[in-house]
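By letter and in written order, the chains are A, B, C and D; residue numbering begins at 1 in each of them.
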Amino acid sequence: MLKFTSMAGNIFGTLFRLTTFGESHGDAIGGVIDGCPPGFKIDLQQVQKEMARRKPGQSAIVTQRKEADQVRILSGIFEGITTGTPIGFVIENTNQKSKDYDHNKDAYRPSHADYTYDQKYGFRDFRGGGRSSARETACRVAAGAIARQLIPQVEIVAYTAAVGEISLKETYPAIDLSKAEENPVRCPDPEIARQMEAYIRDIRSQGDTVGGIVECVIKNVPAGWGEPVFDKLHAQLGKAMLSINAVKGFEYGSGFEGTRMKGSEHNDRFNPDGSTQTNYSGGIQGGISNGMDIRFRVAFKPVATIMQKQPTITKDGQQVIMQGKGRHDPCVVPRAVPIVEAMAALVLADNYLLQESNRVAARSSDATPNS
Amino acid sequence: MLKFTSMAGNIFGTLFRLTTFGESHGDAIGGVIDGCPPGFKIDLQQVQKEMARRKPGQSAIVTQRKEADQVRILSGIFEGITTGTPIGFVIENTNQKSKDYDHNKDAYRPSHADYTYDQKYGFRDFRGGGRSSARETACRVAAGAIARQLIPQVEIVAYTAAVGEISLKETYPAIDLSKAEENPVRCPDPEIARQMEAYIRDIRSQGDTVGGIVECVIKNVPAGWGEPVFDKLHAQLGKAMLSINAVKGFEYGSGFEGTRMKGSEHNDRFNPDGSTQTNYSGGIQGGISNGMDIRFRVAFKPVATIMQKQPTITKDGQQVIMQGKGRHDPCVVPRAVPIVEAMAALVLADNYLLQESNRVAARSSDATPNS
Amino acid sequence: MLKFTSMAGNIFGTLFRLTTFGESHGDAIGGVIDGCPPGFKIDLQQVQKEMARRKPGQSAIVTQRKEADQVRILSGIFEGITTGTPIGFVIENTNQKSKDYDHNKDAYRPSHADYTYDQKYGFRDFRGGGRSSARETACRVAAGAIARQLIPQVEIVAYTAAVGEISLKETYPAIDLSKAEENPVRCPDPEIARQMEAYIRDIRSQGDTVGGIVECVIKNVPAGWGEPVFDKLHAQLGKAMLSINAVKGFEYGSGFEGTRMKGSEHNDRFNPDGSTQTNYSGGIQGGISNGMDIRFRVAFKPVATIMQKQPTITKDGQQVIMQGKGRHDPCVVPRAVPIVEAMAALVLADNYLLQESNRVAARSSDATPNS
Amino acid sequence: MLKFTSMAGNIFGTLFRLTTFGESHGDAIGGVIDGCPPGFKIDLQQVQKEMARRKPGQSAIVTQRKEADQVRILSGIFEGITTGTPIGFVIENTNQKSKDYDHNKDAYRPSHADYTYDQKYGFRDFRGGGRSSARETACRVAAGAIARQLIPQVEIVAYTAAVGEISLKETYPAIDLSKAEENPVRCPDPEIARQMEAYIRDIRSQGDTVGGIVECVIKNVPAGWGEPVFDKLHAQLGKAMLSINAVKGFEYGSGFEGTRMKGSEHNDRFNPDGSTQTNYSGGIQGGISNGMDIRFRVAFKPVATIMQKQPTITKDGQQVIMQGKGRHDPCVVPRAVPIVEAMAALVLADNYLLQESNRVAARSSDATPNS
């Protein structure tokens, strides 16, 4: 039986809401931000700078596709200031090479979304993955770059913690995160970055790919953000990260390692000012930020498109051999760093507004509690 | 400055929506399910059976509190059949011992939600955690037990995979999951279960606690469930699991281990029928189920309440020594197993309805595509 | 072909969210309020007082059914103060006389929801209308009575403006609204109230029913509430009112009469303080409150259950004669007055929180605009 | 105190969701449709035809502004067929004459949104109303034209029923609705249309404006659409209509006139096939469509911008005289007709999908009720 299903789930957030659209090989991609408060100065060069961090072709170890990724703001920002109206934006697709994907037309790429799309929609845009393409994340980065400017005191820094077997020996705060942007891998340890870069070049020369881990540290979130039951702050962050292409896992604070600890070791002891001596909690307790650094890790699988021959099947179940073509990343992690930051920014700006929506009793002049 | 914030985020799901309410030491807890289709037979004994799996006092290695946990259905089910109207249910709190919590009144329990609640709400229900108490999860289990009966062909089995350092050597499908319910730890390997149980008894005798890992296998989900961008099926599952008390991490398929693999190893090769030879994808590709078993792992931290003396602070920043009292679990994992299953059932029933909502083109007689 | 559909749409509001459940002849009805901020004093006697205004049996001109309509609060209010957690409440059904409805079992009552429920759900609770019964509005009144206490400065007064052909000659502000509660019809003009009451008694003696109009005046809403596009304040109020049983129309400000006016007559001229000399706008311009009184009118049809013989059909299309039994209102308007107020309160409390959620730029100390 | 608020409420619909953006004098307006199922053929010429019906400059009795109103589809439709991915579209603003609005810069136009915007946002786009401009409705018409093509069997016909005091003598079904599009007023009675047109010309020559009423008839909606409590079908339609600029009232079926009737007159008697002999219910009973024609009426106030001198105030409360400039409609009703139809189409397509989402029990092969 044929089955066709619409693609829902293109809206993210509760009060600060991003809706995105666009396929990798259509005319353009874009989005709308609904709920951005007025009066905030938005530095559009900063937005473009974030786009450059995600852009293909930015270094020798990423895909060599070229996209201008110029964000055209159509509404909601006037003379550099948000007006409170929805912010519509468009990013034209300028470098589609649909021919690169002709080989996919009949066969399913293993561990891609080709098979599941066909099963769900009865339709598949074989030109680079359509909506499932990571090109969609460009809209997340654009919106995230705006979201960050609502909460300028909050510092969000992501970086590469592992590429395959090569991983940071030390971890934050023992390492200087400011060095992450100094190398194309975005790893804050220069020596390990060099090893990672060499390994990625090696993997690419084999026509293969490799996975990795992105860590993220968020400073200066005040205590009190997040909701305690279904919308715990880490649950929202987890969903945001797991919605990025190729992500297989999320952990915060002590994470999976923490399962091996005893309560007497794991409990974070308080300092008199409410800060804690350790931070196994990862800055979140009971789903609510506690004012310490928020820390989490995101696992990325190896890119599914490899430049080696692989057996696979066609839509009709015929076994065929396919070989990846096109311009793909040997390791997604360096370009994923700004995407992780952008999704974190969307979650935090939303929770900032949620928190503000209800801090009414203590400050509202026109509706004080009736005491 | 004082700040007060409401507690939002008590609604879960899009079409099959659960709203819960209730504190551990109030009169009752309960919930409403909106969006449950009519005509489904609901076995209420089955609901009560799931409640018994989560219940305190069920074995020697869990908390010895006693709660009847009797689910009283107030609406929406008539003569054992869903009517399509909202299902309201209430679970009375019968065994609150607020006195057990007097010691918490002035001091913040480390790694609990006490401090963050006070920061967010300017108010804290010290009687057992209020809304942050795991008692809230009883409503999830009740609703999940109903959700499962909408998708009876889908088999959801969770089990204990690790308690502290002790973990399963083999994993599914090499182990017989049906054995998990035969021991109080809910570990499917009888020998390892015995070790885990002994370890939990030992930990308890030290007045300490320990973490662990729950694995979940979901069989017979047809290909096509889930939405491809922000609401990927695994992102929804991840959020659901991360919203359970004490969870620190979520991974599916190859998870964090998969980050070390090469694409050529990690890609799941197709069989002619569309199934795959390996299942590193964990049953989900591009956010959509592919018909293979869905598999994920959930990390639980050690319970924060320990029966040892701990230094902590009062609301005023005074340093004091506190010692846990009350009746607490030395390891949350055995009782978490049915909660993991319940949350999975809520996600899957919702995605089942979402999928059905749009399978219109192929079957609708009154609104066929206008071709 | 059989078709079964679930009953969605039992959640009302965006930040201040009410979810209701319960059928007229089940065990109980009830609801959950999610998003109520903490620290507000709630007078539960005031809630019960509102329930009494809606209650059957309150006067000689309404249905003589007796219901205690005692609201039992299960969570979210502690020592009379909201805690910020969800407020769960239950109202037991104490006086179901299902036998009164036996005559409905096989036949569709004309202009009731019997036929449409059967068409939608393939199932119908013939015991008094099930979920379509106006009993459901008891939960709206309970929640509305809580919502009002969040915005105590806002004064919401509804009253009967017309019963059948008998209507107020003058309108607010020419009439003294405080007199509305002094007579069972809830009409603020004592003489017209007497006429209405006599007319309702007459109509009842004929076994017939009659419609009417409720007007509502809302004072002291500050300028700035409401959203300008799809969620205009009057669009939200209109939806709220149209969702009440038996409502056929909604107009605000100049309403349908205003369509006959010229712009030069209809435009409200400003006073220097921003108030206006006339109020054809009804207190709302461009979907946003302007600080003037909000005024609207709600049309109620005559109650469909009449105590006369009527021809109708059975489920199988057989023509039969039926006669209404049970205890019904000859005119719904007097009891509708507190329901109109309750729905207005829910809309306004929600918009109050929405407005607060975004007034961030001017006051937030931890996230000022980055100027 | 300054206050700034974001403009939320730019998303319409539950499963078929429209998000719009754009100001009248910015670069472009546009929107995203999320939730449109795949496999539907979309006639883009039909979309453009609907745009032409709303377009300024289409006849001598409407505003003489010129806008191309060309809808550029950026995603979601491939070779004329919906793909199930979000449909992004943009309409460039080509004819902004901001200079026409210089006179508004300092003064508030009476009965416009100028004052309320300033109060809400602390900011006002004086160039033609910004987001409050009716230009925003162009996006509704574009999306509505797509929505209609999902439910091609449903026939939605709106028409002008009154302009000022001039109104149709007969009403549907006594009049031939197909004649409505034959004259610029969109009134189906040719003689009354001539009177209306003459009246509008006269009003315009006075520099004045006038209100009117649009009626809408919707045929072939099957019984069963709509949700019975808060989301009654007529409540959704009412909200949709009340969200259109200049609307002051909504009534369906017998409407306000029905309040004067007795139940014995108002009840719609059944025919053996479930249809009814009269249709005072307006095609909806208990919030759910009953298969009869859905009928409603929408009241539009006179346009606030008049070409006469009016006293008003500036932001600082100074009294000044202003005179409307720019190119405005003397009566909004003729151009409102396609907007009413578009909003009705959005509501109906959404309810169609909602209805389908839950018709699971009777047809689903992979999740039948477990009986």
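Structure notes:
Just so it is clear, contacts are C-beta pairs under 8 Å (C-beta built on N, C-alpha and C of every residue); 3 or more make two chains touch, one makes a residue touch a chain.
Keep in mind the model is a prediction, meaning the values are calculated, not measured.
Here the chain-to-chain distance from subunit B to subunit D, counted in touching steps, is 1. With C-D and A-D as the two chain pairs, more C-beta contacts join C-D. Computed centre separation for the pair subunit A/subunit C is 45 angstrom, with centres defined by C-alpha atoms. Rounded to whole angstrom units, the spacing between the C-alpha centres of subunit A and subunit D is 38. Computed centre separation for the pair subunit C/subunit D is 25 angstrom, with centres defined by C-alpha atoms.
Residue numbers of subunit A whose C-beta contacts span two or more other chains: 1, 4-11, 15, 20, 35, 37-39, 84, 122, 131, 353-354, 358-363. Interface of subunit D with subunit C (complex): residues 1-12, 20, 108, 110-113, 115-117, 119-120, 122, 131-132, 136, 162, 164-165, 203, 208-213, 223-224, 226-232, 234-236, 238-240, 242-243, 245, 248-256, 258-274, 276, 280-282, 284-291, 297, 299-306, 308, 310-313, 317-319, 354-355, 358-363. On the subunit A side of its complex with subunit D, the touching residues are 1, 4-11, 15, 17, 19-23, 26-32, 34-39, 72, 74-76, 78, 83-88, 90, 121-123, 125, 130-131, 353, 365. The residues of subunit B lying in touch with subunit D in their complex are 15, 35, 37-41, 84, 149-153, 222, 352-354, 356-364, 366-367, 369-371.
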